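Shared between the two complexes below is chain A, which pairs with chain B and chain C, respectively.
After this line comes the complex of A and B, so read on.
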């Protein structure tokens, strides 16, 4: 049991971070043009709205929530000192987790059922989406079954993660945690590990200026089907971009 | 005369140091690792009284159990299962070498033979606690008053089924009837020097003061007497889920509003 624990909570984090850093840098230096979310908005746009939007709003909140508890644990504990504030934080986090789940399920359904999107789907896309689905379901289970995660994350997981980053791993408390939380941690490390091999790299090169410029939508300027259809003359519009 | 005074002074200064140096390694280990939950000849605490433990169990069994109690219980060992049934808590794993376990057992044997006739550990004096202590304990538990050394509120991980207390965390044991499970000296011991890894992380560098521990004991004793467990926490969980779903629906209404303004086709239409 100790060997398994040591592997999953001490070995795996280091393996994951080494692969993440080396892989991400290598990919950026050698295949810069693959650093992209590979938008499929050209192929399908309606279902994407109901998938991508809720998913990204949810995951960004959850990501920064976990990051805050990791980097400023004391501030989270101070916020949670008042039960009403604790409830607001926990319910908001739960709502955003549900939002992520709904969005991700829609995206997964779209990717599996839309033939155009299916054709540009790689095996890693499917592995990543399944891992993310597992992770978000585990996260909801943890939030529901072992509530006030924002507080105990700051007490138990922050010192553990700090110990990993300081190269003095101390995981005794993590060894004793319930299985759902342990699985959530392990899946988290697995996701970090496969980042360089997936389209998830796009979060590393997020163009910050997008935050304050008007949103863009990727569409065809010309209807390719119409243009290429011999029975419908297109001569009135000269094709420009395909 | 001067020499005599000097020698006696030297002896009086050095003798406590000599005593410290001569402290049995087993005794040191017992104080650090075992004393919170076990006594030698003074009755059960969180775990059993360890007097004469070497006559009740074999050394190899004790070694195996001390290193990983959970795996011995999982292996179906009847003694370990019976102990778990009786004390209702699994002892944390102890990273001890076989030599350390040997010295620990030697110390327990010697201390056990000299401990005969010792009175059991005195329980916490609840008679002298009053409403103010109980209220203070409740505030410490909830975290509305912070512990002076900055330790985290109990509510982060523990729940108490009591309408007057905000719903607590569900990560660790429910403390509503903690005094039915452990004697007050055991609960006090856990708070003074936590044996569980998560509690060590929480309070290792931010120990509770005696006053804080006493207020918490008064509060826990009060809830133990006044509350019957009625699964309030489960209702609260259901409420949480319901509230989250309602808010989620509001967010989707916002998405619908934006949807009306979004270009819906993949091809630019004139």
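After this line comes the complex of A and C, so read on.
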């Protein structure tokens, strides 16, 4: 058992993160053209509305929920000291997870049944959607069956994950966890691992910089103040903008 | 004063014959690729008609362009920073493929390869998206020449503020008129597509004002498709990126006219440099609606003005470009003669493609007449049309033909004048005056005093009228397209190793556009 455990909870995380970082950066640098999600809204919009919106808002909440428990475990525990607050957190997380499940199921159904959307579907899209479906169902199972996740995550999983990131892996507590939780962790690492090979990369380039750039954008391919100045040295490098 | 130069265009609609040669030239060069089959960066519409995509002018459906808020500031109708980023998971106003049309081809091989059978083999239409047989429901010019039809002409959004009686008069069988409206990207000064792009992939080239989409930066959020009120940014469903008219910049850099303009059979297209004051863009774009056109034309600068030349040089504009601006046919039509009007200025994007509104559907009236009397005027062996109506293009009751136009000026004003009929009438009268002047010169059946009086009415001199006539009717290739000489030190194509891109998928692409991920 130890060999399996060591592989899934110590080996896999490292493999996953190395592939994630190296792959994402490599793809950004070498195949930047493909660095987005391939939208199919052009073919079908109504079903997409009932799929994409609940899925995305749900998964964004879940992502930041996991991130908070990972980065600020004490605050989560402090918050959970009061049963009412614990209930609010757990119920809202559960609702968002349901939202994600409903959205993802709609998206999956739409992708499989609409002939035009099928045309722009790659094998990787289907693998990814199935993995995400498994992951969200496992997550709901864990949340329902092994309460209260937000508290024991902060106590058991946060130290485990910190130990992974500090390169002193201590996974003994995880070895002892129930199978459903273990599967949820393994699928999580798998999804992180395949990010560079899927459309998931689009979340890495969410265009936040739009918020602070001016609306209009004018680019000079050459430095317009210098280009006609005979005394400026010639260069093969184009200026970015001026 | 912040002087910039812009490659600008003028389309003389009175000369457009609706042959679609421009569209085909463009299609063959730029959009015959997978995912781009449905795109027509250049298209020609019949007006009145619903256009492509269907009813694109109706911004209550598509939410394109800018709107003016209570605080006199402009904001995008559809997106903008917060709305754009929150609508990013689902763009509620995106036009769908069914708003354009589903591209198709025919199974031509079946005509040859079918086994012998009782029936003739047919080439069935096949969808270029799914590869399955389809029933064709619409095409790129589905409303071509269909003025008067209930499904197309009567659903034209520009009929909005015409009274039912005026609309009826327009569509009576004998009086029906139409004209063609060729459209490409306007390469606006205040482009809504640029402003709406969350990734910052769309930009205006400083050197010549061409609006381009960087395909490597575009992430396919599709906000530009919604934001462009002219629907001239298209989503490529195969590559997942948006594409638009590039004004054939590789051709321009090499000194050639863009393909659509080069191939124009009616020679309606003119291309030249305009110098403009970039500091005034915001002010002009947010002007009150009745001043929009005046303020728009106001930011175009006089290329002969010493101060303008001085400031242009300070901004690195080459002497050859300034010279091109001085010879620009667009400058003459738009600024000197005041005959070019922007299409739908109320979208507030400050389009830099100008139109000369067409005279013929306005002027040619059908009037009751005695055909025997008409026939009497003709040569005895000449054929004549035995009808009691006459397609009257005479200029007897001169300005009256415009005031009693068979094609409501209000309709034209909705297209080119922000609803102001006087602006459109002014341009039409100028065209009419030039005709009268030329008729006096060449045919001589109009008296000189009369033609001079008419020219005087529209504040034109005989010399200017001759210039307008020359540029309208006789202009040679080099008069119509005054392209600034290629600046080797500026051109993009020229510094790149052409061997790198040879045999690959297009300008700047060194990889196949296939996705698969």
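By definition in this document, the second predicted complex is superposed on the first by the 208 of 242 C-alpha atoms of A that agree within 3 Å, B and C clash if a C-alpha of one lies under 4 Å from a C-alpha of the other, contacts with A are read in each partner's own complex, and residues count from 1 in each chain.
The rule we apply is simple: contacts are C-beta pairs under 8 Å (C-beta built on N, C-alpha and C of every residue); 3 or more make two chains touch, one makes a residue touch a chain.
All figures in this text were calculated on a predicted structure; none of them were measured in a lab.
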item	value
First, second, both or neither for A:68, with chain B first and chain C second	neither
Which of chain B and chain C A:144 touches, first, second, both or neither	first
Partner chain in contact with A:45 - chain B first, chain C second, else both or neither	both
Which superposed partner A:121 touches (first chain B, second chain C, both, neither)	neither
Touched partner set for A:159, first chain B, second chain C, both or neither	first
Chain B versus chain C as contact partner of A:56, first or second or both or neither	second
Contacts of A:219 with chain B and chain C, given as first, second, both or neither	both
Contacts of A:82 with chain B and chain C, given as first, second, both or neither	first
Which of chain B and chain C A:176 touches, first, second, both or neither	first
Chain A positions touched by chain B in one structure and by chain C in the second	41-45, 49, 53, 57, 217, 219-224
Interface residues, chain A side, partner chain C - complex	31-45, 48-49, 52-53, 55-57, 115-116, 119-120, 122, 124, 197-199, 202, 205-211, 213, 215-228, 236, 238
In the complex, chain B residues that touch chain A	68, 70-71, 92-93, 142-144, 146, 152-153, 155-157, 166-171, 196-198, 200-202, 237, 240-241, 243-245, 247-248, 251-252, 255, 259, 262-268
Residue numbers on chain A that touch chain B, as the complex places them	1-2, 41-46, 49-50, 53-54, 57, 77, 80-83, 86, 90-91, 94-95, 98-99, 102, 144-149, 151-152, 154-156, 159-160, 172-173, 175-178, 217, 219-224
Residues of chain C touching chain A in the complex	81, 84-85, 88-92, 94, 96-97, 129-130, 132, 190-191, 194-195, 197-200, 202-207, 215-222, 235, 237-241, 281, 313, 315-318, 489-490, 492, 495, 509, 511, 513, 515-517
